[in-house]
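First the structure, in the form of structure tokens, and then the observations on it.
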Amino acid sequence: MTHHGSKSLRQAVLRANQLIPKAGLAALTWGNVSGVDREAGLYVIKPSGVAYEDLTEDLLVPVDLATGAVLAGDLRPSVDSETHRAFYLRWPSIGGVTHTHSTNAVAFAQAALDIPVLGTTHADTFNGPVPVARQLTVEECARDYELNTGIAIIETIGDDEAALAMPVALAANHGPFTWAASAEKSTEYAIVCEAVAEMALKTLALNPAASTPRHLQERHFKRKHGPDAYYGNAR
Amino acid sequence: MTHHGSKSLRQAVLRANQLIPKAGLAALTWGNVSGVDREAGLYVIKPSGVAYEDLTEDLLVPVDLATGAVLAGDLRPSVDSETHRAFYLRWPSIGGVTHTHSTNAVAFAQAALDIPVLGTTHADTFNGPVPVARQLTVEECARDYELNTGIAIIETIGDDEAALAMPVALAANHGPFTWAASAEKSTEYAIVCEAVAEMALKTLALNPAASTPRHLQERHFKRKHGPDAYYGNAR
Amino acid sequence: MTHHGSKSLRQAVLRANQLIPKAGLAALTWGNVSGVDREAGLYVIKPSGVAYEDLTEDLLVPVDLATGAVLAGDLRPSVDSETHRAFYLRWPSIGGVTHTHSTNAVAFAQAALDIPVLGTTHADTFNGPVPVARQLTVEECARDYELNTGIAIIETIGDDEAALAMPVALAANHGPFTWAASAEKSTEYAIVCEAVAEMALKTLALNPAASTPRHLQERHFKRKHGPDAYYGNAR
Amino acid sequence: MTHHGSKSLRQAVLRANQLIPKAGLAALTWGNVSGVDREAGLYVIKPSGVAYEDLTEDLLVPVDLATGAVLAGDLRPSVDSETHRAFYLRWPSIGGVTHTHSTNAVAFAQAALDIPVLGTTHADTFNGPVPVARQLTVEECARDYELNTGIAIIETIGDDEAALAMPVALAANHGPFTWAASAEKSTEYAIVCEAVAEMALKTLALNPAASTPRHLQERHFKRKHGPDAYYGNAR
């Protein structure tokens, strides 16, 4: 067992992190992606406060999944590391986590509103509204804040199966977290979350009573997910 | 007759597909363009779920116009292929179809509102409001959904002549479809649709009662279309 | 005298036209810039319907200032050529004209609202609201439409001195026109017009009653204009 | 002592100025950054009206901190130079100042509204609302306008300690000013100010009653600032 994470894991996590500025999901050093190696009992995550253009595989921080301790190097992990860890511990099927400060998703988080399902762009990927988690209490903010951020989201989402079914939530007054089988897939969900948030914000400006029939939502979700899916190509 | 589509058709359809990310009309693998060869009885279309940056002429999928069957290769066509096919069968004069998830046009589709004619940018290209088609029923969503999406739009637009006169519609809660004599021209209409949707959304934010006199609309449309057109250069 | 316009004039008009896509002021082939040579009695202008990336000095169209006739070549001038000509004939001090379909300025034109002076970004360049011209009548649309578009703007602005003092107006339901001593300066004004329109639209969304004290407007305008100006460097 | 500013100071101020167009914080020649050398009793600042792409270390203008006089060269400093000087004189701990015309921050300045703390993106960097300073009087606009702009902001912020605690303010109907220990850090604050302004504008469109609990604000601010900070890496 290595304490550093495998080269392939580091490559995937680096690529996923680099998608954040490329897709315009955060300014400066904001946002972070991690990927887990469950056999090795660790995940690797973006170091705190490092610019995306300076990021390399070697700068990614390996963190002990059981304890949260840094396993190698002298860099601190992302300040949100404990939120990632809470997700990995609660949801054994997930392999990667992404957090961004993308503008439109943050607007919903700050407005304390779910992102409603207003069309097929949303329903193609997310099978229901993107939920906003509850606010943390004074005590939850004072101690183990990042862990508690994860716990509040876990309360909103539910168990492992539920997490696979709804791979996104908004931390209240904060921003979106997404998770998936791999780091890169979790970042793709962050891209979708921002796109549907912008579409929803503009739709509600045009028509505050907008909605989508449930049968259309289901049809689109099932085009891409489940045993009858017929979207995409295995390449 | 080839089962693959001619090289010139594939080149044109590839270029048109590449315009989608270049013009910012869709994220990820969303959106699709096709072009038809009526003599060969086929159309070529973007494969499902393939990234635009990976797209090549060879990856485009040839589809039998009469049956919807894939004529060559092992890739699935775009999930919206049957919507394209419905248009080609109903409207013999069209040569290309484009579908995008561009943000502002989707906002009107999700709001279930036509894009009104608020100025000359719109009237230069589209001779009336961009119509939103009716919602599909539970039955239409359950079976032959993509074909029914096309049929609802055809109901809204009308016959071949009407389709040439109004080359765009919004699938309700989904997004814009455009068609034209060629694939690239249909993508150009998708660019116009997004531009006028953004302008309309901002205009309505400033003045919910905004409108354009019909005589100004007609003047602009006739500058570019019909026997008295005087826009452009034949080069 | 040449019928083609001098090389330096063509270079300046080409550069100004190329600013339109670079600054995001129009999609596709929309928009146009011209520059005048009063001694030669002609102006050169973008050809109609030509893509900006294909534009060269040789493709610019020389137009007779007195008659509106094309002086050389087989390309049509921009469809808005007669609007430019109306400005050159009425306002002897101007040397260039720009027309764009920039999104936020068009929104004000479509809303039939002046762009109000809400801050110093506006007042630094424009000494008062950007006016929207009156709608054209049925008769004005039916005959000599482009000339009448210019005449309606001239009615709004006034004489040569007034045109130098307020180098921008919105054609109702159409979009912005700007003019200046040179083609490139008129395009710079088009950039400012779009920037202040976007700022104004967002300001009014936050506070519909927003305004700016007149003494602040005057101070900023005089920093950059008139005998006491102290902005910029003569280089 | 040099009258030109050290090479390292000029390099840092050049880099910070170049961030303004790179981060989309201003069009044309708008905006300016300066950096101070307190031992030499001078600051260097962008010259007035020079395009960012033409800017070099040699073109930056050295200004006497005590008198505001240009110390070398024949270029005028930014027209806002006296506002920068007011800040340097009042706040001995700051080393750099940035002024931009970024769209969303300007919208708040023009709306005469503070940017409220609606989430953690804001609280991570700014420990309270971004304040808008009071309007200047007729007399303050008529004489020493730029100095008075600085004085009104200083009234709003307070002393040196307060300036370090809240490194940003909006000049009413004008735009944001930021300051920090270095020129580049002040430009980073300008990037944050624009990002949180856009998020706030969109949040208020979704929910005019949006707010953030004070304990969440404090938690985020203290993650990055003060003795218990745990954000970032010393590299």
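Which chain is which? They are A, B, C and D, in the order written, and residues in each are numbered from 1.
Everything below uses one rule, namely that a contact is a pair of C-beta atoms (placed from the backbone, for glycine too) under 8 Å apart; a residue touches a chain by one contact, two chains touch by 3 or more.
Note that the structure is predicted; figures quoted are calculated from it, not measured.
Of all residue numbers that take part in the contact between subunit B and subunit C, under half occur on both sides, making this a different-residue interface.
With rounding to the nearest 5, the Cα superposition of subunit C on subunit D corresponds to a rotation angle of 90 degrees. Each chain gets a centre from the mean of its Cα atoms; for subunit A and subunit B, those two points are 33 Å apart. The set of subunit C residues touching two or more other chains comprises 205.
If each chain is drawn as a node and touching chains are joined, the picture is one closed loop, every chain linked to exactly two others. Listed by label, the pairs of touching chains are A-B, A-D, B-C, C-D. Residues of subunit A touching subunit B in their complex: 23, 118-121, 188, 191-192, 195, 198-200, 202-203, 205-207, 210, 212-213, 215-216, 218-219, 223, 230-233, 235. Within the complex formed with subunit B, the subunit C residues making contact are 27-28, 30, 47-50, 75-76, 79, 101, 103-104, 106-113, 135-136, 138, 141-142, 145, 173-175, 201, 204-205.
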